[in-house]
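Note that the chains are named A, B, C and D in the order they appear, and that numbering of residues resets to 1 at the start of each chain.
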């Protein structure tokens, strides 16, 4: 089953226009990425706090399809994909009541955190990428079977 | 049963010192307040988005007892209390693995949101305050009975 | 002269990796947009606080070229461009010590804030777009003249 | 002359109630603290990014006297004070058009960042505290002289 991150929109996510502040949509996507790593048993404190190996975001983009309000129940599905020895991408779909509200993507590169030079993705991340890819493929096969039936 | 808000610490909550940024501890307390209102069936979108009646915070304070890290599982308990016709206070206790990590308080005043003049607390908030007060008293009675036994 | 927004990176902009949190780079670009509007005499309180006409972001993207640290002096230049009766785009370049650290883009659509239906860009925004476009063209002409000389 | 931090309120500082989000008022106070350190020549990158010695906040409180809006010009004055070998406090006054809008306080303790044990304040911080105390006293003397005259 593909991983879905559930999250209620909170007041600090909003701005004076009355909706979720645009950059916070990317933050919520990042939370989904963290939850997906945690779901695989990765220790988030070690992964994100002054780590030896880091995965900084080198590119992000996001499309906003509908306004998102305080109190909305978000379901964020994500599909990570290896795109090289040192890189992966994650695509995100954010839904409110099954309606797509935003789509986003983040591209990450693996670096040695002190020298900030590129290095190969470590085993744990490759395992996470493989597992999530299989989950996504499985979900797509099931969906296409349902559409045929 | 008193309401407890559960929340995993996320990367955007942290700062370059490697722990949760101090002001974000108050934001997480506010999330607990929102969750407690939602738990009583209050519509958070109406409550927080350009409302007719608002409950701005006029005072807040917070004590930081231990550093909080990315990935930590937080349990935030809160005890709201009516302190006048137009005012209430909420005290918060934030725990990581049952250890107290922060204590906070917010004081709220009820205003007409367009004129920004004080007004009496509406029925829904008084009901929330009464229910939560009874929950807190019940929890304290149970705890003191357990200590005697 | 094209408008440049100057800003020192602050501790709340950072995350536990020790650099500016990726989504905050887009927030700083938004600050530059606000500063550019303010520079044209637009009243930011009226523009951004429960306005009748709003300009929500429908797409954003950002490339991160170098890590940005607490204390860094940022210079953000921006070039807005009308791309239709109801739309404009802004491209941003963020520099630290004259070195490009990030590039970003936001696309905005003009809506009636209560019905959330599209509407034509108002006069004040068209004036801002025209002025900024002329500033950008002037800067490019000057730059190409300098390169020839 | 006592140090005053000037800052325009930006859209990401606000929430769906149309005013500055309460916890962001403390963040802006922290920015004023950073600016005051920078004003004394302290290197903010070294001070705040994975430092050997850190000054975490152990207590904060804030009173909100008036709503603060997007576009408001803030003037934040601060008065730091040594309160022990390992501790200092900073009081803040935030004004909009010379009218007090918020008052706050943060209490900091000096620790070894890796062991997180208390240690004496280093020379650079004692120098900052002394200089700012003299600035504050000087300002108060001038003010009382003006009131007499």
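Miscellaneous remarks
As a convention for this text, contacts are C-beta pairs under 8 Å (C-beta built on N, C-alpha and C of every residue); 3 or more make two chains touch, one makes a residue touch a chain.
A quick note: this is a predicted structure, and the numbers were derived from the prediction, not measured.
Following the contact convention of this document, A, C is the list of chains adjacent to both subunit B and subunit D. When chain centres are defined as mean Cα coordinates, C lies farthest from subunit B.
Averaging Cα coordinates per chain places subunit A and subunit C 26 Å apart.
Per-chain CA centroids place subunit A at a distance of 29 Å from subunit B. Subunit A and subunit D have CA centres that are 36 Å apart. Listed for subunit A are residues 11-12, 14-19, 21, 23, 27, 30, 48-50, 69-70, each touching two or more other chains. Subunit C meets subunit D in the complex at residues 8, 10-12, 14, 18, 27, 30-31, 34-35, 38, 43-45, 47-50, 69-72. Residues 11-12, 14-19, 21, 23, 50, 69-70 of subunit B are the ones that touch subunit C when the two sit in their complex. Contacts from subunit C toward subunit A in the complex involve residues 15-19, 21-24, 26-27, 30, 48-51, 54, 56-64, 67, 106, 113, 116.
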